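Sharing a structure, written as structure tokens. Questions coming.
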Amino acid sequence: MGLLDKQFAKESIVVTSLEDLLNWSRLSSLWQVGFGLACCAIEMMATSASHYDFDRFGVIPRNSPRQADIIIISGTVTLKMATRIKRIYEQMADPKYVISMGSCSNSGGPYWEHGYHVLKGVDRVIPVDVYVPGCPPRPEALLEGLLKLQEKIRNESLVKKTA
Amino acid sequence: MKNIQEIFDILKEKFGDSILELLTTLPVESFITIAPKKINEVCLFMRDNEELKFNSLMCLSGVDDANGKQVKDENGAVKIEGSTLSVYYHLESTEFRHKVTLKSSAPKENPEVESVALIWHHADWHEREAWDLVGIKFLNHPDLRRILMPYDWEAGHPLQKDYKNPEFYHGMKVPY
Amino acid sequence: MALKTEHMTLNMGPQHPSTHGVLRLEVELEGEIIKSVQPHIGYLHRCFEKHAEAMTYPQVIPYVDRMDYLAAMYNEFGYAVAVEKLLGIQVPERVEYIRVIMGEFQRIASHLVAVGTYGLDIGAFTPFLFCFRDRERIINLFEMTCGARMLYNYIWVGGLSHDLHPDFVRNAKEFVSYFKPKVKELNDLLSYNRIFIDRTANVGILPLETAINYGISGPNLRGSGFEWDIRKDDTYSVYNKFDFDIPVGKGLQGTVGDCWDRYYIRIQEMGESLKIIEQALEQLPEGDVTSAIPKRIKPPVGQVYSRVENPKGELGYFIISNGSPNPFRVKVKGPSFVHLGIMNELCKGHMIADVIAILGSIDIVLGEVDR
Amino acid sequence: MTYDFFSKLFGSDLIAALIQSLLPLFIFILPYALFAVWWERKVSAHMQDRLGPMRVGWHGALQTIADILKLFQKEDIVASSIDKPLFNIAPVLMFVGTYAAFAAIPFSSVFIGSNLDLGVFFIVAVSGFSVAAILMAGWASDNKYSLIGAMRSAAQIISYEIPTILVIITIVMVTGTLNLTTLSEMQTGHFWNWMILGGPGSSLSKFLLIPSMILGFGIIYISTLAEVNRTPFDIPEAESELVAGYHTEYSGMKFAMFFLAEYANMLAVSSVVAALFFGGYQSPCGYLGNLIGLKWLIPIEQIFWFTAKGLFFVFVQMWLRWTLPRLRVDQLMNTCWKYLIPLAFVNLIIIGLITLI
Amino acid sequence: MLTDFGRILVFMVVSVIFVIGAILAAKLVRPSRPSKEKLMTYECGEDTIGSPWVKFNLRFYVVALIFLIFDVEIVLLIPWALVYKEFGLQGFLIGGIFLFLLGLGMAYEWRKGDLEWIRPKPVPPVLKKEPSTVKVEVQA
Amino acid sequence: MIQYFKNIYSAIATIFIGMKITFKHLFVPAVTIQYPDVKPKLPDRERNRLYVNFDDCIGCDQCARACPVECITVDTVKGLPTEDLGKTSQGKKKALWVTSFTIDFAKCCYCQLCVFPCPTECIYMTDIYEFSEYERSNLIYNFSILTPKEAEEKKANYARFEAEKAAEKAAKAAAATPPANASKEQ
């Protein structure tokens, strides 16, 4: 049972500063599952290419989900693919995050109405942290989504939330 | 370079009854209709004949003609009965530079068409696609499985005009 | 060796770094030798054909973009050509020229991705990023013209959504002069690298007759040494007004039709495309680009099969119209779909690493394979 | 020697040895590994017209620390079908092999973990640990990619050991010693005393040796590249074919250990190459300490030169990695058996003849 | 006084402790949320087909064998390399003969093709002209 | 034999050529745009998030019909003849209350087809691309300036108006025709 599985009842200086350190390290080194689905994957590649350079944020593609922290669902999730995506997500080591990139993975996108083989939103199989709209989103939009995710991680807490 | 009339004449002479008709009234493209059980022989002839040499199959498409009449079943779902499923073959000869369109129709209840997968090898996948999406059975096809849809898809052939999508697939909700 | 090793079945994909998307290859191995390769596709089947039946003719265009998303402009081009044939309309000359310019830019962009990812497959990371860097410039040109980076909805039936941006011609010329030395650099870095040649030459040889029978087209067919290009051999638009060559595979580093040949065709084609762009920019006529767009598109009953030379090969549209504003049936013959069918034949007897090399050299896009 | 110093200070050999062994880990290898990972990312980025890590610290200087801290919090997945003992031992063994090699590398004239007479051979032998570790990792993972990667890796590393040893023998033939400290001491003075330029002295044979030595350097550098699985010989972890090779199933800290070992290994082989051919910790142009009469400055300068040379060769490894595609496994074996080994043989004989003159 | 190798033992012990310590220390922090799917073997998200633990290619043993021969011979060469200069040309020739034999063996292996990594010449796909008439069962 | 040395030479030579190129690029300034700090100027035809200038919207539903994705939903209710609904900036009189005008940006494919048919040019694409969200429901934008309460009110108003009109009509009809007939009609 590690620290990250625990929930402290009370806040204390040690807990919060440790939490800050851990959150900082997690948010600045989000390794990504090297995984592209469709059109958005090309924009994702463009984001890691020279002009936008994902590496600036510490994002590097790892091909094995075991070593990755973040999965960017970049494109249309079909029914055939959905079970695989679920498994790849499952096989990532905790803590892990999901960015849903583009209309298709947000809600089925242009294929929501007649797409008999399209999953209408990847959040039906895995929990999504950030939705990046666009079809495909500009690389900057993806980066902005990443910043939003970093913001979310920064606010994560080991302290039990009191309602 | 031969035009479609000349090709039709050659075929008619060779195969007679299997070649049903030549339709030239359409505004853009004309096509030759061929009996579905004879299509493989005709195609083999067209590929190997010295005058025709259709060595390339450009495209093979399955189409649900939806030319029957609409029937509502007890659940209110619309079904089309008595229509035909057709296969269109677009052939080309890279040597003589002529092209031709063939069409072969089979009734929807028993959509059996002879396979040309061993004549032009890439028809293999096209036919699998036509089976998968439209539901045309290709006789003597080496490996007629679904290709685009999951192998365990049970709800039928989605490009048929009266196709109904299932509610759930492997526990995932399908409609929006 | 008399002793046989057991066969091992290995899945490559759908999440695999070099299957270019969500392709799954089921590889049967004996040691490292391939016994058979079974491609499983459909992981990106987005029901294009069903959508096309539910949309009006102009509404299909955004979906057409999303098929071969690396060459969206060319997909639109092909679709527009097909529907115009069905409608029997003539489009203004300026529109044709702009279409050709855009199409050729798209060809360069698509080939850049093909070449770059091919380098990545072989293990060279830097050329990949160089290619994407140059592609970004082309994308900027597109973005300036129509506002989108990848999926343009720019070429419409009968015309274009926008006229060229006033700065376009200048920027395009700038790009042409910028890009020429980059091709040489890419050649030095990758194409003529000894390791790269060893990895690709004499690998995955595709004889011409087999290629034709398997329906291979485009750069892959030319790589097998057949001078066949729909832009010249079944000309459409205004391609007959330009002077350009069709590069064919000559087996410079090995046998005709090997991976290196197919790769090098793409490099050469980028140069040819630059030539076409230069000529088109010179001859660009004046005119209105939206004048020929029909108000309501309602083609007569009939059917058309029309094909264009997509960067990946022969892209055919088979459209059946029943006289309504929605197409009755649209069937797309995507070159990638056809090319993938020969994987098994090409890979037999090679090693695992060669599967990647072969797959990269036939340059598929899964969006087009599965539609 | 630092060992004697500590030994006197604490009056115990064991404590001295402990300190001696902890020092390189904490003052050298960990900082170096942190630096090298960041540096590799920076070098690759700038070669590709990018910037690399920028967001944490100055030009992303804290990036690796964040990475390590993050890997620290990552779940450790031990899949159900694997061979658990082997799976757990592999990262330990991998790191031990690498780290033990550092025991015999002279960081300066006063600091060496263990001044073995068989120094070079010890390093070569101990690097065989990594073969075992990789094989274990690959086998235990119950993963096809891992297994293929491990198999390739084993074949690759043991094959490339032969040219390495053959080149080392040529050095032994010229110098008559296997002790790395002695070897480094021999190359003192200026850079023309380095082995790559024929070693110390000014006889005719020195000049005759130069081409052979350059060839020998080329061979050993290529083989060491292969031994640490760097591009163009990175087929065991060939990303585009085998996902992540032998460490596909590893996550969290265990993966971090493989990572650390990889970078430490890069430095280890680089320093061996530097010690054999480029004077080890020796300065190329005399010591400032000698010049101004401060004797204690010399070891510090030596550490500097040692680091500089080591890092330079590590840089070349990175440079190659971001330039070249990777070889196929059969070509890899061909390169070794048909090119490097015969050439090393011929080189050996030529050097033997020259030294007789 | 520890011997030289004793010190190396200390080095090894330290590194073992370091690795195990680091992994155990991480255990204090890291979460542990195993699930059935997570503990499955990763194979690109697909079900694995068969075990990877199959009989592997003999080629690897051949390489290992050749390596072993070379390694043993090289071990014999080291003492020779250290001292041959004392015996002049004669000393060199003794080693030289040995090396020659080694080289001869290598040349033999080369000729025999044992150095070739198995790479059967792949045959380019040849077109089968005639369609087969064998009936293939159609899957419904 | 010559081939053997040629191979070695070509390998080394090409490797050096490659290394020269990459080394040169170490000193080429990076092309990277440091996004959150530097934002590039986007071209004026940029196609990102849609914006509806609601003052100009007449509720004609053209955009919703042009949309291939059907991510635009426009609900309208007729204004009362007595009400003044305001004018568009081009001086066209509005006749419909647009009770809701939602665009679901989680579905939108940014194809710009909705922009062209708009008669008042009130729907257009902007260059705002930074609008990622933690919740998908936040991606549904409602452009209508009417609050739900107002919308309800308008609907009720119109329903009442309709009812009144119908009643009036019925009364008129009842007055004009014999009651027996009227009951038959109903």
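The first chain written gets the first letter, and so on, giving A, B, C, D, E and F; residue counts start at 1 in each chain.
Following the convention adopted for this analysis, contacts are C-beta pairs under 8 Å (C-beta built on N, C-alpha and C of every residue); 3 or more make two chains touch, one makes a residue touch a chain.
The model shown is predicted, which means the values in this text are computed figures rather than measured ones.
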Just tell me the minimum hop count from subunit A to subunit B, counting one hop per pair of touching chains.
-> 1
State the chain with the largest centre-to-centre distance from subunit C, centres being mean CA positions.
-> D
Pair joined by more contacting C-beta pairs (D-E or A-E) | D-E
Where subunit E and subunit F are represented by their mean Cα positions, the distance between them in whole Å = 60
List the centre-to-centre spacing of subunit B and subunit E in whole Å, with centres computed as mean CA coordinates.
-> 53
So how far apart, in whole Å, are subunit C and subunit E when each is placed at the average of its C-alpha atoms?
-> 40
What is the distance, in whole Å, between the centres of subunit A and subunit D, each centre taken as the mean of its C-alpha atoms?
-> 36
Out of subunit D, which residues touch more than one other chain, so two or more?
-> 45, 47-51, 54, 72-77, 144-145, 239, 243, 248-249, 252, 322-324, 329-330
Hey, what residues on subunit B touch two or more of the other chains?
-> 148-150, 158
Multi-chain touching residues of subunit A, meaning two or more other chains, are 2-4, 22, 49-51, 53, 56, 63-66, 80, 84, 88, 91, 94-95, 107-108, 110, 112-113, 116-117, 135, 138
The residues of subunit B that touch subunit A in their complex are 148-150, 158, 163, 165, 169-170, 172-176
Residues of subunit A touching subunit C in the complex | 33-39, 41-43, 45-46, 49-51, 61, 63, 65, 75-76, 78, 80-81, 84, 88, 110-111, 113-118, 135-136, 138
Subunit C partner, complex, touching residues on subunit D are 44, 47-50, 144-145, 148, 152, 231-232, 234-235, 238-243, 322-331
In the complex, the residues of subunit F that touch subunit D are 7-8, 15, 18-19, 21-23, 25-26, 28-32, 34
Per the touch rule, the subunit A residues reaching subunit E in their complex are 1-5, 22, 64-66, 84-88, 90-91, 94-95
